[in-house]
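The next part holds the structures, each set out as structure tokens.
Same chain, two partners: chain A is paired with chain B first, then with chain C.
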Partner chain A sequence: MKSLAPKLVGAAIFLVIWEAIGRSGWLGESFPSLTQIGAVFERPAARELFVRALRVTASSALVALSLGALLAILLSFVAAVLPKLEPGLDALASCIYAVPAIAFGPVLILLSGPEATPIVLGTLSSYFPIHVALSSQLRYGAHAQHELARTLGASRFRTFALVDVPASVPAFLDGLRLAAPAAVLGAVLGEWFGAPRGLGVIIISALQNVRIPQMWAAAALCVMCSLLAYFALTEAHRRAVARFAG
Partner chain B sequence: MNAPSDVAALARAKAGATVELAGITKRFALRRGEVVTALESFGLSILPGSFVAIVGPSGCGKSTLLRLIAGLDRADHGSVRIDGEPPEVAATGHRIGVAFQDHALLPWLTVHQNVSLPFKLAGMPADRSRVETLVAMVGLAEFAEARPPQLSGGMRQRVSIARSLALKPDLLLLDEPFGALDLVTRRALNLEMQRVWESLGTTTLLITHSVDEAVQLADRVVVMASRPGRVHATFDSHLARPRTRATTQGPEFTALVRRVADALDDAMSGDGAQHVRAMASREP
Partner chain C sequence: MGSHWIAGVFSRSWGILFAVLLWDALVRWHGFNVIVLPDPLAVIRAIGSEWRVYVSAAGMTLAVAVAGLVLGSVLGAALAVSGWVSRIVAGMVAPAALIVRSVPFIILIPIFSRLLGYNLTMVIVVVTLLSFFPSFVLVSSGLGALPKASLDLGLVFGASRIRMLVNIALPAAIPNLFASIRLSASRAVLGAMVAEFLTGIDGLGKLFLLARGDLEAERAFAAATVAAAAAVALFLVAGRIEASVHRRMN
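== the complex of A and B ==
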């Protein structure tokens, strides 16, 4: 709790500066003040539209994050049990992550259709941080415990199940909290490829119609969505460290 | 889930393992091609069921030696044999117990679960009453459901000692397991563990900084010299067992402690390292 006050002060300063720049008109029309952005939500019809879009994007991001986590668990466990595959899987993961996500768009429209594209892009974006955190822990973590298991004649599988898997819970949550904003961004990006609803759809149509406050309103909801997930998972990570890392 | 040999290993009437070290040389590469020789032509025979203590200056290769016997490292030359086989064979047969300086407890498990861990890792059903006995032996019955982060350093060491005995090993390797304990606990545990060792007949190799402890517990005390690590002197201790407080106050005990301490001093001055000697004299 004691660390909350500086965070709130920091956030307040940030918002005040934003408001001041917006009102001064220094960056012109493209950078509206917070009150202008907030005014977007005044009309009930608009509010309803944004809430529905938020719900769509948030659920796409959640599904994407879960799939990304499953994929990361699966591949990093495979790499840990079959070390020969490790360099190849790592290289593949890095390559996929390095491709600008937007380049996958056209392919995904064909393969998964515009409805599922947000989920697929969100999955690809969130997979990587979880994979990196997990495989680094599986490779370098719990060294002393591994040696203990060796002297006790434990099989590789038992060592993995009894030592490595529980020991990697904090690393997994660490990756997950970094992956949550990536999942939201991936979902929003995926919505640009013809999705019927979502914050990404609002952003792209607001941009095309030069309705800057609307665009920022949608962006602000994306940020809030990401931050909420980030802080919730940070707390989960803190607890896991206390439990699993001592 | 159990190979028959696992069950057999648990039920077998235990006799300690024989350890044969011959001509062991172990070098470590440092940066820029520098090489340090941790052990050179090191030889040692440990009879089944006997208790050997190793004392020596810091960095004389004691811990390296233990790791070689545990099968965690390989010697550059020479051989390590446990009952005539390489250490990996004894490890696979769940016949080695270790308590190293890094206690390597699992922080998410309770004390009881940590002491049960060797059974689980070996794929055997945990012997609940044995685990409870061991936890009580190291004085942690009240803390059986506590987790390691809630324990003091000395308590964690005691958990790892209890864990090392879980599978009734034929060979017990202890690296400074009592280092973090206060003197009173240390003495009490020494007495208690003598009883356990005698009943198990486990071959034991103990590394310690305490000459008193070495002489009290061991049948043979090996004094090592460093750079390269080698045997400087060995002493056989024929004091009657069990060795109680009375034993440690007797003239025979005191005389042997003095001889071992002199040999240790001698081993250190051979290195010409004055500060090492000064540090050793402060150790318990």
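== the complex of A and C ==
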């Protein structure tokens, strides 16, 4: 808890700076102050709209993050157990991640339908950070313990299950921490391609109608999702480091 | 000797081959219209017929991507280090970093264009902002996961906080910095492409924009494919660098 106070002070300074810049109009119309953004939520009808959209986007992002985590675990475990496959799998993982969404968006909609596109794009943006964090750890981390277990006669599989996997838990949580905002952004981006509702839909329609505070209000809710996930995972990471890397 | 070499190349590239075959199968099974998704062969032909254009555009996009990637990674690491030194800085930086990372980028483009104008600097800034976050998170985590014993040892010998940072903390965090560069590499290229697409600055993004405007799907997808290839190449290069850093540090 003692680490919380300086963080709150830091966050408060940040918010004050934002408000001051917004009020001064230095960055123009496209950067509203926090009070202007907050005023969007004053009307009950608007509030209801935003809450519904938030629920849709947050649940898409959560599903996407879970799918991305599963995919990343699968990919990096296969690569760790079958090192021969590793370079190729790495290339495949990066190929899928390197697909430019601006070009392949229409294809995705045709393949998965506008309703599922947010989940698909969220999954595609979130598996990769987890995969890279996990595979870096499985490849280079816990080297001494790994060698020790092998020298003492543990099979490759036992070493993997009892040494490498537990040692990779903090790296996995690091990956998740990076992936959580990526999942939210992926879901929002996916919603631009014709989804019926969600924060992304609000952003794109506010953008088209030049309703900048609305746009930022939706963005603020995206940020809130990411912040919640990030700080929960940071706490989990802290505990995992204490438990697994002591 | 010869077959050995081929096996080596195959073990590294089957993933890429598989992705291209997947794309081809997708077009065949689904019977996509050319505008939606041309088949890989048509796209490769389009690249081959004007390869000079694509190579020079890819060079520009890659240069911008690498510049932003390096700047972003260094910035992220610097923020992580300053957070390690001061808790208040950590409290200010973490939310700011997360906000920049999780606001949909399209909202920020008008603000950047006002601050910087539509030019190369803006594209580099966009890539920098895309790549600083992984470096910030992973380097912070490397600094935070230091074995307590090594810091205690430093304290016992009376090392100042700065000396502990330079001699103990930074070396421990360097592998994480290179992991983050590998992580950001491919999105740096794509980010540069999207920024070029939105601003009309020369590079693969502009090629894509122009070809799409003319409804020339093969050329548009040629630009997108070259971007994907450049992204994968940069990722693989970053992986090589990471591996050699680990060899040197062990």
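We take it that the second predicted complex is superposed on the first by the 239 of 246 C-alpha atoms of A that agree within 3 Å, B and C clash if a C-alpha of one lies under 4 Å from a C-alpha of the other, contacts with A are read in each partner's own complex, and residues count from 1 in each chain.
Everything that follows uses one rule, which is that contacts are C-beta pairs under 8 Å (C-beta built on N, C-alpha and C of every residue); 3 or more make two chains touch, one makes a residue touch a chain.
In this text, all values refer to a predicted model and were calculated from it rather than measured experimentally.
Who contacts more of chain A, chain B or chain C?
In the superposed model, C touches more residues of chain A.
Have a look at where A:163 lands relative to chain B and chain C in the superposition and call it first, second, both or neither.
First partner only.
After lining up the shared chain so the two structures overlap, which partner does A:216 touch, if you call chain B first and chain C second: first, second, both or neither?
So A:216 only meets chain C here.
Is A:151 touching anything from chain B or chain C once the two structures are fitted on A? First, second, both or neither.
first
Between chain B (first) and chain C (second), which, if any, makes contact with A:30: first, second, both or neither?
A:30: touches chain C, not chain B.
Just checking: does A:227 make contact with chain B only, chain C only, both, or neither of them? Give me first, second, both or neither.
Touch status of A:227: second partner only.
Please indicate which partner A:243 is in contact with in the superposed arrangement: first for chain B, second for chain C, both, or neither.
In the superposition, A:243 contacts chain B only.
Which parts of chain A are in contact with chain B and also with chain C?
245
Which residues, counting only chain A, touch chain B once they are in their complex?
144-145, 147-155, 158-159, 162-163, 166-167, 242-246
In their shared complex, at which residues does chain A touch chain C?
By the definition above, chain A touches chain C via 3, 6-11, 13-14, 27-28, 30-31, 84, 87-104, 106-107, 110-111, 128-129, 132-133, 136, 140, 143, 170, 174, 177-178, 181, 184-185, 188-189, 200, 203, 207, 215-216, 219, 222-223, 225-227, 230, 237-238, 241, 245.
Taking the touch rule as given, give the residues of chain C at its contact with chain A in the complex, in rising order.
Spelled out, the residues of chain C in touch with chain A are 11-16, 18-19, 26, 30, 32, 36-37, 87-96, 98-99, 101-104, 106-107, 110-111, 114-115, 133-134, 137-138, 141, 144-145, 147, 175, 179, 182-183, 186-187, 189-190, 193-194, 197, 208, 220-221, 223-224, 227-229, 231-232, 235-236, 239, 242, 246, 250.
Write out the stretch or stretches of chain B touching chain A in their complex.
70-72, 91-96, 98, 100, 102, 104, 106-108, 117-118, 120-123, 147-149, 167, 173
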